[in-house]
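The structure follows.
A, B, C and D are the chain letters, set down in written order, and residue numbers restart from 1 in every chain.
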Amino acid sequence: MLSKEQIAQRIAKEIKNGQYINLGIGIPTLVANYIPDELEIVLQSENGLLGIGPFPVEEQVDADLINAGKQTITMARGSALFDSAESFGMIRGGHVHLTILGAMEVSENGDIANWKIPGKIVKGMGGAMDLVSAARQIIVAMQHCSKDGSSKLLKECQLPITGVRCVNKIVTDLAVLEIMPQGGFKLLERAPGVEVAEIRNKTEGKLIVPGDIPEMVLP
Amino acid sequence: MLSKEQIAQRIAKEIKNGQYINLGIGIPTLVANYIPDELEIVLQSENGLLGIGPFPVEEQVDADLINAGKQTITMARGSALFDSAESFGMIRGGHVHLTILGAMEVSENGDIANWKIPGKIVKGMGGAMDLVSAARQIIVAMQHCSKDGSSKLLKECQLPITGVRCVNKIVTDLAVLEIMPQGGFKLLERAPGVEVAEIRNKTEGKLIVPGDIPEMVLP
Amino acid sequence: MIDKTIKDAKEAVKDIQSHAVLMLGGFGLCGIPENCIAALLDRPLSSLTCISNNAGVDDFGIGLMLKKKMVKKMISSYVGENKEFERQLLSGELEVELIPQGTLAERIRAGGAGIPAFFTPAGVGTEVGGGKEVREFDGKLYLLERWLRADYSFVKAWKGDSAGNLIYKGTARNFNPMMAAAGKITIAEVEELVPAGELDPNAIHTPGIYVQRIFQGKDYEKRIEQRTISST
Amino acid sequence: MIDKTIKDAKEAVKDIQSHAVLMLGGFGLCGIPENCIAALLDRPLSSLTCISNNAGVDDFGIGLMLKKKMVKKMISSYVGENKEFERQLLSGELEVELIPQGTLAERIRAGGAGIPAFFTPAGVGTEVGGGKEVREFDGKLYLLERWLRADYSFVKAWKGDSAGNLIYKGTARNFNPMMAAAGKITIAEVEELVPAGELDPNAIHTPGIYVQRIFQGKDYEKRIEQRTISST
């Protein structure tokens, strides 16, 4: 089983040179730590920045420079600042190549639920609905099962959904899976030491196993 | 009968302190010459400038700084530059207080025709349709009659219209008129030496004459 | 140039009435109109509708207005960590309308730009789409969304001039420019107010036409929600 | 930062095919992509659709492309003084779609921003409204208008960096920023190209994400249509 850091590490391998990428809060934020130095990529922050740099050292901290998680940040070389309408125009217009975000549930047709649990206080969807409605490619970072052991990869989402038929790939603590155009989770890789049987067991939605499934290679 | 310069002079008297104003091509452009110095107003150029200054002297000429009539201009103190979407957002959103433009015909319900003559090459409406659809107040500068003597203040426009029920006031070589909410040209002022009978004669649309009509006072 | 300068925040908010619809700029606590919020707290206001991406924290930003029970309704995308907010929401004192962040930004932009409605893909097939027109364009589904406008917009900028031109700093720009354009009366507070003519016309983010009142704010706290420091 | 630098205009236009839809920035002859237009003239192209506020003059700007009969259709708001344009229009060689300038700007902005359609008051009750959906909002009538997108957008900026960030000058900005966002491939020519990091991130008009190719142009003529001089 992968740790959160390892999920982030595995997702980082999906990133291609020249991509503009939006990272959600949680595990997706960790992905930034594992992007190979030789790749030239740009991180978009939906509150109005292209080119997120590392966290600041103490003297660089600027209250007027935060990411979408409200963390203090710096700007990378060659960055650009803009307002929220421009930022979501960028997202909605399909200019961001890759969005990586967390999820509570994903269904076998690519629906995602990650903003609301009935009966609990609802904090809001923030930019998630805009991101999933328009990104060219969406990779979800999540745990395969909830704490009570029930699958989060479902036939249909039980929670209120954030977007329909939008997820392309999922990296969980157990596996890497791809959503097929006709529906179904196609198993691409197993976490080290995890058997296909376990993944099948823990995937409620339709699992497609195309022959032998390799183990993930982590750095 | 007023000259073009006098029409511009008379329109300048309609301007109030603190207004943002868009001036069309032709007579409207001349209005800028007659705005009293004590008024603080801002001229908007729909190609992307708030704060048109005087024409440049030779050394100031900058090909990258023109007005909507493609004339070289300067910027007034405190001006701002922006793109065409922002500029028309400003216009469409009702932020411009006053639009002054020319017309070929105006109808008694405030329709305006100023962009197209069937059978002649059509150059386009430019920003006129946007301006007339959204400005808070529209004053038209025009000749009362065409060269053949026929009225240009009509019951209904004969030419393809630019906008419906949008004109508030008209200043012609003969008169100042207001479009009434229920329709009709209400005569407000006569040009020096012009009788009401002549104006009545040259106005095809419904003319409303509310008692004695004063002569215009020009500086 | 038209001079929009007023004395201070107190003067800026003196005519605001209960039941007004307000927009307040900022993302989290970044770029919020601190001075105007403080001045609003001194006015006997209630039943306000506040349009703001977030709702502050318990003891700062719009959270302070919530604590004084000035707000009837929040229109936001994310209402974060605020206990009093939760209490009022659960007790039914406070109404909340949650809107996808991009849709919120675009609805405000549309309000300022005179676009009464537009289609967006965000929220299609979710409960956000409930009751809204859905239409297909080029094989994809979109929701029809309406503009948002306010009686008063409060924006915070870094620099401003007497003509109302504004320049923001860093990611403190966020919702401020669209809100400036979408308010019937827009009030700008700035860290540095200069005479008209001192700002580069080519570097202005909000043209002065959108701003009716401007003043130089003071004592900016600029509270940080997540102070994150690099180890290196 | 991703490097989008290419050598010159020739390289910029090498893959463009006949029948492509192009957007070209500029208002009149102000802010037009002079270098790219010159390079396009050297390619054996025809049946292009050009979206541009104006169509140049007989011997400059898009007028040169018209003269070479490269253009099948112009989508513009004002086509001004151009004899060859008139001749082709009257002979039926050239198709022209005239769009109110604000609607044109907003349709292009919508294309870049992923808004497939929006309502605008411009053109209601005129022949521009023919065949379009009319809808009432708050007592006023509006037309439904669709987005515009292009295969290639050509923009001209004052300064740019290798990451594609652009700063325009004066009123040469006009349609360029929206077109930069609405092109599948956007090609920026700039008067001064600098390494990423040299432009102030807070002063950038077009963020680099919209630009796929950038090069430093040369020999800008910047022709003036109406040289108007103050007598004083």
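Note that a contact is a pair of C-beta atoms (placed from the backbone, for glycine too) under 8 Å apart; a residue touches a chain by one contact, two chains touch by 3 or more.
Quick caveat, the model's predicted, so the values are computed rather than measured.
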| item | value |
| --- | --- |
| Chain D and chain B - chains in contact with each | C |
| Centre-to-centre distance between chain C and chain B (centres being mean Cα positions), rounded to whole Å | 36 |
| Distance from the mean Cα position of chain C to that of chain A, given in whole angstrom | 29 |
| Approximate Å spacing (C-alpha centroids) for the pair chain A, chain B | 55 |
| Chain B, residues touching no fewer than two other chains | 49, 81-82, 85, 88-89, 91-92, 134 |
| Interface hub residues of chain D, defined as touching at least two other chains | 106, 109, 113-115, 120-121, 168-170, 202 |
| Chains that touch, pairwise | A-C, A-D, B-C, B-D, C-D |
| Residue ranges of chain A in contact with chain D within the complex | 17-18, 20, 40-42, 44, 49-51, 75-82, 85-86, 88-96, 134 |
| Sites on chain D touched by chain A in the complex | 1-3, 109, 111-115, 161-163, 165, 181, 196-197, 199, 201-202, 204, 207-210 |
| Complex interface listing, chain A residues touching chain C | 45-49, 54-58, 61-74, 81-85, 87-89, 91-92, 111, 121-130, 133-134, 160-164 |
| Chain C to chain A touching residues, read off their complex | 27-31, 53, 76-80, 86, 89-90, 98, 100-106, 108-109, 120-128, 158, 168-178, 205, 222-230, 232 |
| Residue numbers on chain D that touch chain C, as the complex places them | 106, 110, 113-121, 135, 137-138, 140, 142, 146, 167-170, 202-203 |
